[in-house]
Amino acid sequence: MREIDMSKYQIHTDLIVDTIKKAPFIDGIKEQTYTKNDIYVSNIEIEKDLDIISKKKGFYTTIYFDDVTDTTNCNNVKEIFLKELKKILEKSSIKDTDSCLIIGLGNDKVTPDSLGPKTIEKIIVTKHIYDLTNTLEQGYRITSKLSPGVMGNNGIETSDIIEAVINKTKPDFIIAIDALSSDSISRVSKTIQITTTGLSPGSGIGNKRKALTKETLKIPVIAIGIPMVVDAVTIVFDTINFMTQHFSYNLKNKNNIKNKLIPSSKINYLNDNPKPLSKEETTYLLGAFGNLSDLEKKSLLYDVLTPIGYNFIVTLKEVDFEIEKLSEILSYGINNSLHKIEKQN
Amino acid sequence: MREIDMSKYQIHTDLIVDTIKKAPFIDGIKEQTYTKNDIYVSNIEIEKDLDIISKKKGFYTTIYFDDVTDTTNCNNVKEIFLKELKKILEKSSIKDTDSCLIIGLGNDKVTPDSLGPKTIEKIIVTKHIYDLTNTLEQGYRITSKLSPGVMGNNGIETSDIIEAVINKTKPDFIIAIDALSSDSISRVSKTIQITTTGLSPGSGIGNKRKALTKETLKIPVIAIGIPMVVDAVTIVFDTINFMTQHFSYNLKNKNNIKNKLIPSSKINYLNDNPKPLSKEETTYLLGAFGNLSDLEKKSLLYDVLTPIGYNFIVTLKEVDFEIEKLSEILSYGINNSLHKIEKQN
Amino acid sequence: MREIDMSKYQIHTDLIVDTIKKAPFIDGIKEQTYTKNDIYVSNIEIEKDLDIISKKKGFYTTIYFDDVTDTTNCNNVKEIFLKELKKILEKSSIKDTDSCLIIGLGNDKVTPDSLGPKTIEKIIVTKHIYDLTNTLEQGYRITSKLSPGVMGNNGIETSDIIEAVINKTKPDFIIAIDALSSDSISRVSKTIQITTTGLSPGSGIGNKRKALTKETLKIPVIAIGIPMVVDAVTIVFDTINFMTQHFSYNLKNKNNIKNKLIPSSKINYLNDNPKPLSKEETTYLLGAFGNLSDLEKKSLLYDVLTPIGYNFIVTLKEVDFEIEKLSEILSYGINNSLHKIEKQN
Amino acid sequence: MREIDMSKYQIHTDLIVDTIKKAPFIDGIKEQTYTKNDIYVSNIEIEKDLDIISKKKGFYTTIYFDDVTDTTNCNNVKEIFLKELKKILEKSSIKDTDSCLIIGLGNDKVTPDSLGPKTIEKIIVTKHIYDLTNTLEQGYRITSKLSPGVMGNNGIETSDIIEAVINKTKPDFIIAIDALSSDSISRVSKTIQITTTGLSPGSGIGNKRKALTKETLKIPVIAIGIPMVVDAVTIVFDTINFMTQHFSYNLKNKNNIKNKLIPSSKINYLNDNPKPLSKEETTYLLGAFGNLSDLEKKSLLYDVLTPIGYNFIVTLKEVDFEIEKLSEILSYGINNSLHKIEKQN
């Protein structure tokens, strides 16, 4: 069987946990996790550049949560994001006196890509006051911000604008916010990743071609991303995996597969942690397709949908509300980690 | 095998053509079609109420087109929509002097559900001028408009607001615009349906519980809908159908299935009009699942995704632009069919 | 001297205090005032209809404050508005079980006229839940809401929509929110009036021709208004009054008027509570114009500006921010006075 | 009498015609004018730097028009603006192959200051295509665009962002769009100024401290401005001037001043071109104040209103609609003058 070009998928999955779970036994990866208020947090440290999984040395924090349009949950996520961002700033050796440029990537006219610009709207800036008075109120750091737009909109490579502004204004470090693609529909608008390794080429929803990293910009770059879109291949792939788990659950619990192919049950079979189907069971239920590897399945789905123009990039129907709440969470965490002030909404 | 409750699907597919193609041999259905500038138009007349397919006597026009963010295509769709809407007005025996209330259903804060309110923004109204002066400029009809919002937003059943306003203002007929659910991802934002039979309960994206029809409102109701969302079940179901067509194409063209399961081909296999796989081929490739009926497949997918909360309703990433252009098309057609005036954008 | 038709002014000044201060000695007016956190509150009761000042029997509360784009001040105004609205509900004998329809008047596409619709966006509604379940969570009242738009936009007389919805949904009382015209530029976006007497014809910014009162709607109508615009006549009239006070201050403090006509002083002369100029002083400084009565001055300015199209209606440059904050204040007060719940922002 | 510091006014009046009419006899100023479709155009050339009026050598075109919310008038203004912008490009020796960076100054969250950003939204860009393919379709020029925001928003001096982006992207010339302050309420949203001399410090609505000129940026800067706000001093000053003209008209036409101080006439007295009042008439009608010079009057009004916080900056109530139409006019003219293409809306 011919070699599969998975680069087309790598451009659509930038969450570290997606990568790690595909390569669990690689050396040089340390992970700690905890759960609080139904929010699950993974703190990963990669101790050296791992080319094999295309991941750089650095810290990667991922926060998983449920629907943030619920007010209580939204407030819980705010506090955990704030705590985790503070930890990342510390691990990056950012000093309280270091000045920060906060950058909101993405297109404010495309709702699922507007996470960066919408967050930027609520960011507190102080640089202009410092430049004028040479002093700042107690607790404040020098901050400025930028929504560079997207290249297709303004005709200028986004990273050119960013580099130009950095050269002119000389911040000590960068926080960059971007909407990402997800490799699972269930993570869309329900995961925040923070990393010290910046943004790689091909990350994000838009066509951002150049990296924003310490290597390219010469200053630390803390990247914050939330997956906001998913492609049809991913939705189908996820569903087929769920289908096998659903079959496994039914096999174990119902004796007779065939009669139960279409159960009326509303039971959440995932809670049962169903064991994988055997090769024979898979063949019976899903044929040759069922026995392909994950990479092969995805590649096949890609080959089925792409030539006929059906590999649509989609977002949740409620994306307007999600973006509103998520940008509040991010601006809350950024403002309150950068400035030691009475907490601001 | 137990009976399948497909009512859950009917609530998500309101395009007439979806229904017709599932019941091609029923009596009392007349269809004429044509294609112009790559836009495909189907004019269906249902001559008597057909309970078997839950469709009422009346006219159903469906317009299929490609990406309307292309300016030339958008203009072509505008002209065809105008022509077809005029035909529907004529078939409904609407007179030039009949007054019209145009209603934009949906939630203007949820982009994919904002088609109605956004169209309403651009509708020309004259009723207040007529009420004041008892006359209108040559060519104008008495028109008024309403965006009643959604029940979840204002706490009032939408149809109560509509009925109350109709009783008070006494229009001769209604044009109602709504965003719909689709039963195919490929139709999202690429199909307009016009019908003389009003809106059925459960149509549309929001929770609209009561029908808006000639029966309930006592005046003719012309409904205009565009599918703007799709659920995950539909995306997976469509993809599995494409997969079998993809296999069929490869079987015919490549001799050896197994080696070609993951082809690199970019050929649009749909153009080849691939014949259905045999039962044996299907079993080999997709197992028992492959041999389920369409209804069984959808019902199974529904049972797999729903209990674990994964049957997400999604929309296209570019929905902001699509809604902008689609609402322009609809308001252009409505304004220029209702008033005999120099064409307005 | 001919009679002056001041009806043209009455249409532009609906704040009770404007009326009262012009008629201080009329019987049947009781006023109590207090100041807290630099916010000044006037509670007026008019004990019987006073046709002479075109004011109806009822309660009129006016709250004066400074710039609400200041967060601390905004929060102070929120609490006082909540307290005062509760008092008005009590005085109107509204019971905890009475259902309320909240109406946001005005045009959401015209920023200074969008106070009503913007407030409505943040109002909590429960009627749809009650209608479905026949019960509500502890502390909640039955509420619904409506943004009827403006007649010029939807072709329907606004009060027709409101009456129709009231007849259909049968609320026990109404809260109506509207942006008003001011008779002083200094009050624009800095005054809230609450009254039990509803909205009179000609109130507000738009062309609202019919009254929304207990007489017309048959249920209590609590009206909440904030002046958001002012006309050029008012700005000039105010300035000329300030000019005389400025002269008076300088006369008293500087001995020599002429040399001081153009002082460089930045002193707030109003704090000095300057006494009125004598007739001779006024004639010397402002000629015959200076000795006209207030009504005559306004009428003259009206006659100067109107025929040449210069009596512009204007709003503050920062109106977008003001509306944002003011609608937050109103929705906070309305939500927390109608429902006995944990305070919501 | 002490010297008057008029710098405070110069910061609020940047229309060339305001300056010229105050200094009509200065050498080195050439003006040509014409009227078409009720639109009045003034083409001024200043042949050498004129420090006395703070105006630089260059071309200044001013277009006066009426309400652009009227569709026909809006279209007429579009064509004249396009023609005049083309003339300015020619006079500036801009070649068809010169690349252009279009800059939209101002704050998109403050409606009257959003003219620049709103215009930018509709500007066609091609630089990213040229950078990728090294070629452009026939008729297109290399264009890119930028909305740098305002310093108070992003903490960075606006001109620093602009300079940085210019240095990085090397355009051949700049077109900068900005909302201006007016020295007459009647010009707000009804005047376009185009100039080859860039933007001076203190121009515009926001706090722009650094100049954007050929001197500072090293490339030609064509500035396009529309007055969108006016301060209270200006409104009062204008009104007092109108009052004297109104008196003069009545003196001439009515014999008896006193009886006619408050005329009911709706006659547009400006059409009568009333002659100035005599010193005695002025003293009788407006006292000492009436006989102050224009500068003294403005300075006095400034001193009356500023210390008590009443010199509000205001905009028209309908500013949302005006900005929408004006940004359409500007983008139409810019797109169609920069690219030799089929006319785009």
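Letters A, B, C and D name the chains as they come in the text, with residue numbers starting at 1 for each one.
Simple rule for what comes next: a residue touches a chain if its C-beta (ideal position, glycine included) is under 8 Å from a C-beta of that chain, and two chains touch if they have at least 3 such contacts.
Everything numeric here is computed off the predicted structure, so don't read it as measured data.
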Both-way neighbours, i.e. chains that touch chain B and touch chain A: none
Gap in Å, rounded to a whole number, between the CA centres of chain D and chain B: 48
Multi-partner residues of chain A (each touching 2 or more other chains): 109
Contact pairs between chains, per stated definition: A-B, A-D, B-C, C-D
Footprint of chain D on chain C - complex, ascending: 1-2, 4, 109-113, 185-186, 188, 205, 229-230, 232, 235-236, 238-240, 242-243, 246, 258-259, 261-270, 282-290, 292, 296, 299-301, 303-310, 312-321
Residues of chain C defined as touching chain B within the complex: 121, 125-129, 131, 143-147, 149, 151-157, 160-161, 163-165, 167-169
